[in-house]
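Next, two complexes with chain A in common: one pairs it with chain B, the other with chain C.
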Partner chain A sequence: MADFDITSPTMDGIASHGTKVGLARVLGPAHVWALGVGIVLVGEYMGWNFAVGKGGAYAALIACWFAGILYSCVAMIDSEVTSTVAAAGGQYTQAKHIVGPLMAFNVGLYLVFAYTMLEAGNAITLGYLISEAARMTAGVTDLDQRPFIILSIMFLAWLNFRGVLATLTFNLVITAFAFCAILVLFFASAPWSADSPLAHAELMSGQAALPYGWIGVLAAMHFGLWFYLGIEGTTQAAEEVRSPARSLPFGTLAGIMTLLIAATLTWYICVGFLPWEYLGDGVNGAVAPLFSAAQMTGSNFLIIVLGVGTLFATLASANGCINDASRAWFSMGRDHYLPQWFGAVHPKYRTPYRSIIFLVPIALIFALGAPLDQVITFSILSGLLGYTFMPINIILFRRKWPLDTIKRGYVHPFHPIPAIVLLALCSLTYFAVFLGYGTQLIAMVSFYIVVSLWFHFWRYRFVKRADQFTMPWPKPKGY
Partner chain B sequence: MWTFLEYAAWAASAAFALHMIYDWYKTDTTYSEDVLTSSREGEIEAMTEQHKM
Partner chain C sequence: MARYTPPPQSKIGQMIDVIVLLILSIGALYIPLWLGLAGSAKTPLTADNPTWESLGQNPTMVERWNQLGFADPASAHDMITARFDYSFTWGAMALMVVVIAGYFALMLRLSEKEYREVIDEKFERR
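Now for the complex of A and B:
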């Protein structure tokens, strides 16, 4: 601990001017829910419908539910482990304590890339939405999207810079609105009524049922992830919640339940309004399928609500991504896996301000210079690599620290079945991704192998090995 | 109106960026590096929670 001087304005040992400055513990379970669901919900508003294009409406539903099982396993495993590892960095910190430094370095990079790429993808989408609003309201067809893309990243980075409580309270409000908008559209469609405009029987029969057979179902798995991608981000709030053991499992599990409901309702509404050929074409057809479904109702109220919902879902996702990427980067800096300079906390706002600022230009480069599908694929692949680590993580965690050695805030049931199911579904999804994006998958794995070599042979010499394990845990079993 | 909004978005982006950079500079020149990087993982938890059964 550094020395303090009661006469110093900056080192007086009092409150945030103390000799130790850490992240602020100000969040509750609702903020955790808003972080997780906020990152993901944009996937309900757009992106998931590529699964329909791969295999038809039923294939998208099967992918939606199989991916739901995958993410339920992720949420349960994460809830157990993170309720004991109450530190920023989420899965990176879990890997550091449970598996080892090389795994932790890789997982940290998966997290930063997955969230930064997703943030860039959201900013691109936001620019597109604004240009569509200009076209629909004023007939403007040549709007420059760049200032709106940059503004979305700058504003959200600024919000994150200024404090986590305002950031995630903002996310809570806009995420709740976006979720309620889906419920409003569902109830307005009145599926129980004989006069309902939904036409499932006509749109899903005959050749439309499974247009590409079972291989289409497999191919749809890639985009089935889109319904839930990012719910694991709740763990990044671990060092900023008031009661980690309670809030993290509660927020994460409530989040996955919300998403299972939202995903199923989204599928049900969209396939009932839109033919699968149009719905499955996310580029020239239904770019924002929930908004397209609202347009089909002919109600101006629903069009406005779903339009705003789409915009809010995109903003909430980018906001959560900035929060999560910066925490992962900050944690790696704090442990000297990266220069310690990144491990700084703002003494007034109590945020990892240098990490937040450092990631802004990276997000801007990808948002302004890379095509959306490549950015999204990079994000999905990084996420998938992270999910593959989780079964290994929980099996080692239970083996090294059995239930009677560490108090957990949540104990997930049926171990090791969720871990095995998760591993099996990840393998299936790798195959599905390989079918469509084999080159990117191989390029990405090669990239992580190269940076692992760099870390092992060069960077790890700077890590203070004793300093990185500060949790008050008992020694692992057998050590 | 949309042309005006484009300019407003450029201006607001610059304002947010400048504010962050100014605050970053002010913070780094006011506080010592020891204070800024004094955060330690699990420190608060060690004081408030008991992990042993």
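Now for the complex of A and C:
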């Protein structure tokens, strides 16, 4: 007989005193906040500025705020489902229980590719930063970045192989440093002073205001997502938080607010220092825009602080990405969605070591061979497909298990408005990606169609049916 | 309902599955790049002897370009004039909508079929 009752306040399976769901519940809302912000903050240090390139400075700001609304909907929906699906695997596990195995397989791939490409983008930025440091300190102008890219990915994979628990606190510290570095640059720029080096009015006048007109605002939404991409990773901690009902909504929504502040400050600083054409070219121009802005101040102190901030942000993010991507890959291996060889845990370090090692060459291939904007687009598209899944997920969740059938840790308000808004903003973003990057969009979705057919007609035969449904829920309505 | 028992998969079969996934995922990004079909190609305008004025740059912008190491208008010309081409055909737009909507429709339909098997087996054994 089951030793839990999903409707019981003391044996509900979602609280620390709950039951069945296995890992130690030691994390609080601050940890959830730090997990989310740690992975995402690098988005302020690199990548977001492609939004400036696609639409100009004002367009990037509008995109930043609309993307903020999109992610607020993501956080609300995710918080409700995750506070009930209190199991590791995040959206992958949600899809498995609510929509079906094929959707879960796709969601697992979205997670793996969004995080692996983000990791590759981090490594590219790190390589650039080291080459800039060599140029500024030793006058070396043609430093080969590739060894540093390879070394950084290998080193972080090794850390993850050995177990990331010991590095978690260090990760939190370097994330906090990276956030404070943005504040330091903002206050050092003294925007309230008449002598401030920020020159928004002059740099955004004339054609620089909206160089592409309003279609540029739409197009900028593509890279607007980069300000927040990965915040949904907080759900990976669902099984390890003391109280999912409180910690997940609070930590995730506080993370969104932190990122909104950081994103707006970042935009304000960078567009006040750099011409939009330079800022918007993240390949030949501002690869690391906050670092470039610090260089414009001429202050060695600020250059070092923002250089270290960029370095820390990329390392913290890449570390988190390896962790999350490998766990998603591992979970799919464990469920036999992928060859079960990936479902192995290292006997000594207790890590999904085969998944960690397998994803290293994929990250390297993209980090060494593709331009930064392509890598970021690949990551954004995987994330975007995942966000499109969420409205479907919450609508089916409420339909199959109405509010009175399963106790939720958190019930998001105004249903189905957040789902509809999210779906509308996702549609808008598909159009934004289509403007300028339509081939990648088609190629990416075609890839997911082909792997879906591969999974349904070939791979799924190796999967046990009933074993996939592990939550202590009643039978869904309509089945 | 009889419980479904999956067939065992050989090690070689597992390796082939991994290779297939690798080829598909790497191909999804690299094929557009190799074929030169990837977007993001911003095209600079052509101009002989550009000046800061002809490039639409005011004195503050010029000062910032100089600080960034672009000492003359010619060196910054390509970066300043490069623009995306946002023109599109309705046919291409329709193709995008069909591919994305078709993908989700296909996935939901096949998922539903698999999900019913899961629920049937899970709850009929209780």
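Convention: the second predicted complex is superposed on the first by the 427 of 479 C-alpha atoms of A that agree within 3 Å, B and C clash if a C-alpha of one lies under 4 Å from a C-alpha of the other, contacts with A are read in each partner's own complex, and residues count from 1 in each chain.
Note that a residue touches a chain if its C-beta (ideal position, glycine included) is under 8 Å from a C-beta of that chain, and two chains touch if they have at least 3 such contacts.
Note that the structure is predicted; figures quoted are calculated from it, not measured.
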**Asked** Does chain B (first) or chain C (second) touch A:D281, or do both, or does neither?
**Response** second
Message: Quick one: is A:S452 in contact with chain B, with chain C, with both, or with neither? Answer first, second, both or neither.
response: second
If you stack the two complexes on chain A, which partner ends up touching A:I395: first (chain B), second (chain C), both, or neither? neither
Using the superposition on chain A described above, determine whether A:A30 touches chain B (first), chain C (second), both, or neither. neither
Is A:L372 contacted by the first partner chain B, the second partner chain C, both or neither?
neither
Does chain B (first) or chain C (second) touch A:Y479, or do both, or does neither? second
Comparing chain B and chain C in the superposed model, the one touching more of chain A is C
Original post:
Of the partners chain B and chain C, which touch A:L210 in the superposed model: first, second, both, neither?
Top reply: neither
Who does A:A157 touch here: chain B (first), chain C (second), both, or neither? first
Exercise. Check the residue A:T84 against both partner chains and state whether it touches chain B (first), chain C (second), both, or neither.
Key: first
Where chain B and chain C land on the same part of chain A: residues 340-341, 468
Seen from chain A, its contact residues with chain C in the complex are 53-54, 99-103, 106, 113, 199, 202-203, 205-208, 211-212, 215-216, 219, 273-275, 277-278, 281, 284-285, 292, 296, 336, 338-341, 358, 362, 365-366, 369-371, 373-374, 377-378, 388, 392, 430, 434-452, 454, 456, 459-466, 468-469, 475-476, 479
Note: in the complex, chain C contacts chain A through residues 3-7, 9, 11, 14-15, 17-18, 20-22, 24-33, 37-40, 42, 56-61, 64-65, 67-68, 76, 79-80, 82-86, 88, 92-93, 95-96, 99-100, 102-104, 106-108, 110-123, 125
Per the touch rule above, chain A residues touching chain B in the complex are 1-2, 10-11, 19-23, 25, 84, 86-89, 93, 134, 138, 140, 143-144, 147-148, 150-151, 154-155, 157-158, 161, 239, 244-245, 331, 334-335, 340-341, 343-348, 353-354, 357, 360, 404-407, 468, 470-474
Given the complex, residues on chain B that touch chain A span 1-2, 6-7, 9-10, 12-13, 16-17, 19-21, 23-24, 27, 30-46, 49-53
